[in-house]
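Note that the chains take the letters A, B, C, D, E, F, G and H in the order they are written out, and that residue 1 is the start of every chain.
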Amino acid sequence: MTLPSGELTPDNCVFLMIDHQVGLMQFLNSTDPMQMKNNILGHAKTAKAFGIPVIMGTSWPDGPNGPTMPELKALFPDVDVIDRPFVNFWNDAASKAAVEATGRKKLVISGLATEVCAAFPALAALREGYEVHVVMDASTDFNPFITQVTMQRLASAGAIVTTWVAVLAELSANTQENGQFIGQYLSEHMGQYYAAMNNYLGVAANAETVRTNVGLNGQPPIPLAGL
Amino acid sequence: MTLPSGELTPDNCVFLMIDHQVGLMQFLNSTDPMQMKNNILGHAKTAKAFGIPVIMGTSWPDGPNGPTMPELKALFPDVDVIDRPFVNFWNDAASKAAVEATGRKKLVISGLATEVCAAFPALAALREGYEVHVVMDASTDFNPFITQVTMQRLASAGAIVTTWVAVLAELSANTQENGQFIGQYLSEHMGQYYAAMNNYLGVAANAETVRTNVGLNGQPPIPLAGL
Amino acid sequence: MTLPSGELTPDNCVFLMIDHQVGLMQFLNSTDPMQMKNNILGHAKTAKAFGIPVIMGTSWPDGPNGPTMPELKALFPDVDVIDRPFVNFWNDAASKAAVEATGRKKLVISGLATEVCAAFPALAALREGYEVHVVMDASTDFNPFITQVTMQRLASAGAIVTTWVAVLAELSANTQENGQFIGQYLSEHMGQYYAAMNNYLGVAANAETVRTNVGLNGQPPIPLAGL
Amino acid sequence: MTLPSGELTPDNCVFLMIDHQVGLMQFLNSTDPMQMKNNILGHAKTAKAFGIPVIMGTSWPDGPNGPTMPELKALFPDVDVIDRPFVNFWNDAASKAAVEATGRKKLVISGLATEVCAAFPALAALREGYEVHVVMDASTDFNPFITQVTMQRLASAGAIVTTWVAVLAELSANTQENGQFIGQYLSEHMGQYYAAMNNYLGVAANAETVRTNVGLNGQPPIPLAGL
Amino acid sequence: MTLPSGELTPDNCVFLMIDHQVGLMQFLNSTDPMQMKNNILGHAKTAKAFGIPVIMGTSWPDGPNGPTMPELKALFPDVDVIDRPFVNFWNDAASKAAVEATGRKKLVISGLATEVCAAFPALAALREGYEVHVVMDASTDFNPFITQVTMQRLASAGAIVTTWVAVLAELSANTQENGQFIGQYLSEHMGQYYAAMNNYLGVAANAETVRTNVGLNGQPPIPLAGL
Amino acid sequence: MTLPSGELTPDNCVFLMIDHQVGLMQFLNSTDPMQMKNNILGHAKTAKAFGIPVIMGTSWPDGPNGPTMPELKALFPDVDVIDRPFVNFWNDAASKAAVEATGRKKLVISGLATEVCAAFPALAALREGYEVHVVMDASTDFNPFITQVTMQRLASAGAIVTTWVAVLAELSANTQENGQFIGQYLSEHMGQYYAAMNNYLGVAANAETVRTNVGLNGQPPIPLAGL
Amino acid sequence: MTLPSGELTPDNCVFLMIDHQVGLMQFLNSTDPMQMKNNILGHAKTAKAFGIPVIMGTSWPDGPNGPTMPELKALFPDVDVIDRPFVNFWNDAASKAAVEATGRKKLVISGLATEVCAAFPALAALREGYEVHVVMDASTDFNPFITQVTMQRLASAGAIVTTWVAVLAELSANTQENGQFIGQYLSEHMGQYYAAMNNYLGVAANAETVRTNVGLNGQPPIPLAGL
Amino acid sequence: MTLPSGELTPDNCVFLMIDHQVGLMQFLNSTDPMQMKNNILGHAKTAKAFGIPVIMGTSWPDGPNGPTMPELKALFPDVDVIDRPFVNFWNDAASKAAVEATGRKKLVISGLATEVCAAFPALAALREGYEVHVVMDASTDFNPFITQVTMQRLASAGAIVTTWVAVLAELSANTQENGQFIGQYLSEHMGQYYAAMNNYLGVAANAETVRTNVGLNGQPPIPLAGL
């Protein structure tokens, strides 16, 4: 069983964001690129909000894999994106050194494709005793079956599979202090929350009307209008 | 093209609700029975709200098709459910006479299964010049492909395919007069609206808190809590 | 492997029903809200039928998450719903104290969203040695992939994933004593069983006709009518 | 619009069952072969029950398309299966002559693949003024999208798209005379009806027990047992 | 058949954007709200780019339907959003007058829900001889089956069903003049194009490297790196 | 990890076929009843072919669950079907005694519903040290998500999840001795194999024609006919 | 209704293959690019086999749409691919002139994306009285819903929707003359047929063994081996 | 947990490719045969590229399972395909001896069907202490549910589930040395990469145009053309 001793905190983890390149985004199409873009940005902003170190890599950016998502680079202007001549991020001395330099033992890994760019360093780090979280929805593959196989492989090997919203929520912990990050990033990058939050703000803006309109007894006192 | 001269009104149509029997509901499983039950009841309440005549039929209620949905019978205690020895409702003298007795020329038909119990009378009535609406989601079939075939067959023959919510909305027309029916029946029988309406009433109940809480400028002044 | 020493009984477990709020129900739309509402109520009635303690929580009920489902509150008028300033139910002193006050070591957890509100306390309780059941279909998420990831995460950590019907059946144990609960709650909250039970009761009501009609030799002696 | 003057009757139609060959069944896999086999047999038995003439064809039975389904041939031992050197059944003199020899103007066509073997004669016959029904679920294709395209093509050209159950029900007409065919063939070839009919017969076999057991008042007087 | 005499041009059409309200967006969940938001904005920017008049409406914005999408209002600060007491936009004198004031006979309609807010004015306008385009993917419904039924209903009545990208492309016509709109709006609101365009720009930025790297003979002269 | 010391053999296992009742088959509709019927019969014939003991149970056969599948009873006329007053087969003394009487420690369990009737005895037997195989496709549930949850629960507890074809193949072992069982039961109960085997036999019947027809050089020497 | 007077023949039609560019193939991902590539090549080879004129176009090949599929260009080395500055192929004088130069009135159109590149010239040509076939599976879109909308739009406007296999079969007509094209192109570009044809050839190669092996009486005389 | 001590290398593993026969490919249709063919060939070329020993088997090649894929045999002309009289490859002395002769302890297994031909030797080899990788997408089954069950069974037993692309990438390791294999085999056998690579090469061919055209500042200086 895979049950770590405690939760992710801003002080105990590092994010490995590997090969979030726009070429890969367009042909690893088991996730719609619009959703992928939003998941990646939501995950990246989480790192930024909590001051968590981010290590970024690329694979053949001059080739069909293309350059790193421009919005992602813009979020971390001071982070050097490490291009590497190895398939496995962990086998690249510079990449691994960047991880070790943080001194942190909880790795939060995402990558395109999940089956290679996220899974390979995850497995290698597990061998060296790291606690590894793989952010499954900030990663994607050629098709959904590959992702399903990879998730099973990772879980069997002892990795913790997770999601970008769960990582954000786990790091937020105290909502009186950090709830604003949840509210803001979900509104920006999760469509349902965008709609819900704007609807909430809209209702709030005309609170008096609402109160009068519905009577607050559970049955509207005046005819309801429209669908 | 199938474009009638005007809209459904409470005065110009009659509902034919054919073979909404619980045995059929369980084995015509291309629609989940919970959703089917709610669609049928939402449609039936629409008739009741606007005083529209309803004609009900059964086919082999002593057999595996089973009795009419009890809630449906309870809604219309004065309606005689006509059991018939013909597959096609329209070929049954008593059933057809009941339709003709209303003197109305716009038929709103639903039935289990769509491919037989709704489609056959729809096609027969079209031959006699009636305007026929088939409520596709208050009807269902052995599998979704059958429904797809049947919808094409009906549309090609000149039937208007529609839904129970569209029928309700078309009859409501003026929301200041009838909006309550939309609000109430959607809350009772459409899960999303149930959640939305209860959420709305909940927000209204604490309107002052909401107003203060979010500041109404689109950015919450205090930290937002929780997912 | 995760194999507890015995079954759930009315005396050895406590239900944690976390954040079953109507706002969350409408935007966590990987489960249809109508089905979600019914799953939650079926699960809640199970607790009530067997006198199992229920602890309820909310997260930002004044915000877009909205108030607790009114039918749920109505079922447990004496239960205080604990609103908390922490994402993780388990990190809230009052919530955790409520659990500890029951003295029970088997937790049956459901929550919206699964990935956060159900999963976080489940993982924390596992760390403290509790046996944790997560009711996957009384919980839901922004999309089905998140649920799939979360189920793997929970199972890998040692949680028992289960369903509301399995919990009901496990607690019923002896059907001569408790079979009525299965019959009643499935009829009320599982559409297929609603149809099946009503069909059964309908056939029973005309048992003589049925007997005569089909001859009991496996081949109907008189022509069968209808679809 | 495509609205014929009347219904199919045993006296006014002929079935064209084209290329129901086992080789085609295995590689035209947008329908599961088990379901396809049952749909074809249910449709064929309909013809036999009502004495409707059946014309059968094959295409390259010595090749990968394989021989006609053996059960189908066994049903019609006196029907010569016409192998033809034309893609389009209608362009084959012997095949067309067989149709014309019946003197019937309503054609009920099914074939593998729908896009070619059913669609081509359907379109050709429409050009010559026949009324054409295409039994969409006794036909299938390389993939579901092809079937969707073909259904639109056929409907736009004036063909009536239908299903094997609808054809059976349309021909049965009077259930007191022909209901046995519906009951029997659905029990044999539609899985849901198999289960429902056997359940019905089982309940009938112990009608007294049922009556006593449930009390007939809608609420069981004794505890219900089991799921 | 529905074949208008010519194409949409900036001078001959008007957009009716009906009830694009954030409350509706969250519970009409057959389209993911993130995609819906992008489709609506892409469609709205099309109007703005070509100077096409836009008429906007709301239905019960103080209720659970919520306010109009804020980004949509921001795009058209000078457009009055007409709240109406009728379900059908066309039955509202002010709304209809706004359409007539444009003097245009080609209506491009989108709305939430498709089955009601888009379909009802579409059908009414068809009765009065307008050419009606319904933008199916800038509209959505409670579930996909409703959308399928509604599309058939609309097409049978003579409406042209279309998409926001097709409308944009049809209005762009000459890519030397207007291709920038296609490039920009697809990059902003269609995830695949976002990835493709950014990848293209990235390759262009290192064109020399690319040229050298691959040799331009179809086979890379140096080992290719990475997935 | 769950890796038993050896394979299933006719001498070391017993089949528990629990609650394969026709009422359950119709409303546990996450598997099509036609497929379910065939999977169950294929599994039952496997037991019969190898002389493996079979223990059968029912739950409320007088109620909506209905009687045991008649074909199943017919296969095992000498097996007493044990009706029990407990949800869990393992808690019923007679049922458990029947298992113990075989003296076998490898249980091959299937049941309707998987989440209750198959899972509960599986978990109980695991606690007592049995090796438990659950035949997932001779079992089914109210919906596919429940099955997915149940499979995870079972696998986490140490059960071996399997399929009816795998069980048949595992028991067949030596195809020179037992290959006929694979050939026959797959032909009878797996649609694809039905088509493939009949196609194979058809080709064999005209082997000379085939040989001449294609020339055996990989390219047909004469024009190929038909699709 | 859309029922042309006769079939496609090699002498009466022209293929318009519009914008089959590799950039578009990768981001119009509602069809898997491997399937799309094969559908396009199967369709192109059909033209070549029957000597049908082909007119090819591109849209922004220097941009993200990319160059024409190299295999497609290689098939038609003498065809000039016309790059055009108009969205609509029909509005480009050179493109339209190329069509008119053939003097043919039956157009067989495919294009990426269907909603724009195939649909726009289809609609324009219909206005000028051409018979228009749109090859729906040699075309694709950003998502499947767009394709569904576009198919309805095209069919309503009088276009014939079809598939590449149907076009191939329609042109082959006489299988003694042209069956080889069906056999070859399906083997090369339709995966199921590839498997079926190779299996058939394999069986033919060992015809004697097969004959002996199965005995030709429908039941194998010797034990069958393996799955 | 299943975490081996290191990665696959060309020196430490052997590929078992079991029963990749064309008959099986056509009726094990949970994977499209075109994709299956490509996955198998991509996997086979990986072995060839790195000089990894391959052991191939068949089951009843004279029967409906058919001969080995011809392209697969052509790739390995020197490999004897071992036909065996046992269901389980591992129980066949010749097959097992071939594995042992390599002296390698990491097995990379694929087979048709996964549930039998891949799973059985995988489980047997695990019992003997081998490290077993199962290439899930170079294997397939009668339906996707069977594959899901089998993947869970294998993972629970300690097998590593993987994909053909992951195996290729893991063996490539250093992209400066082996990246060409990734580039070539993905281009040949993964549709998306085919499109992406050809697009990339096309853009490179006109690098100057691209550079000038877009200006490299992220906003195109001249109007963009086309979709």
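Simple rule for what comes next: a residue touches a chain if its C-beta (ideal position, glycine included) is under 8 Å from a C-beta of that chain, and two chains touch if they have at least 3 such contacts.
Composition by chain, UniProt nomenclature: A, B, C, D, E, F, G, H = Nicotinamidase/pyrazinamidase.
Nothing here was measured: the structure is a model prediction, and the numbers come from that model.
Touching chain B (Nicotinamidase/pyrazinamidase) and chain F (Nicotinamidase/pyrazinamidase) together: C, D. Averaged Cα coordinates give chain A (Nicotinamidase/pyrazinamidase) a centre that lies 51 Å from the centre of chain D (Nicotinamidase/pyrazinamidase). For this pair, chain B (Nicotinamidase/pyrazinamidase) with chain G (Nicotinamidase/pyrazinamidase), the centres built from the Cα atoms lie 42 Å apart.
Between the CA-based centres of chain F (Nicotinamidase/pyrazinamidase) and chain H (Nicotinamidase/pyrazinamidase) the separation comes to 30 Å, rounded to the whole angstrom. Shown for chain G (Nicotinamidase/pyrazinamidase) are the residues in touch with two or more other chains, namely 2, 23, 26-27, 29, 59-60, 63, 70, 85, 87, 113, 116, 148, 152, 165, 169, 175-176, 179, 182-183, 190, 192, 195-196, 199-200, 203, 205, 210, 213, 218, 224-227.
Applying the touch criterion to all chain pairs gives A-B, A-C, A-E, A-G, A-H, B-C, B-D, B-E, B-F, C-D, C-E, C-F, D-F, D-G, D-H, E-G, E-H, F-G, F-H, G-H.
Those residues of chain B (Nicotinamidase/pyrazinamidase) that touch chain F (Nicotinamidase/pyrazinamidase) in the shared complex are 26-27, 29. Those residues of chain D (Nicotinamidase/pyrazinamidase) that touch chain B (Nicotinamidase/pyrazinamidase) in the shared complex are 1-3, 5-7, 136-137, 148, 151-152, 155, 160-163, 165-166, 169-170, 172-176, 179, 182-183, 190, 192-193, 195-197, 199-200, 218.
Of all residues in chain H (Nicotinamidase/pyrazinamidase), only 165, 169, 175-180, 182-184, 186, 200-201, 203-205, 207-208, 210-211, 213-214, 216, 218, 220, 223-227 touch chain E (Nicotinamidase/pyrazinamidase) in the complex they form. Listed in rising order, the residues of chain D (Nicotinamidase/pyrazinamidase) touching chain G (Nicotinamidase/pyrazinamidase) in the complex are 2, 23, 26-29, 59-60, 63-64, 70, 85-88, 91, 113, 115-116, 119-120, 123-124, 126-127, 142, 145-146, 148-150, 152-153, 156-158.
For chain G (Nicotinamidase/pyrazinamidase) in complex with chain H (Nicotinamidase/pyrazinamidase), the touching residues are 19, 21-26, 29, 32-38, 59-63, 65-67, 69-70, 85, 87, 113, 116-117, 190-192, 194-196, 198-199, 202-203, 205-206, 209-210, 213, 224-227.
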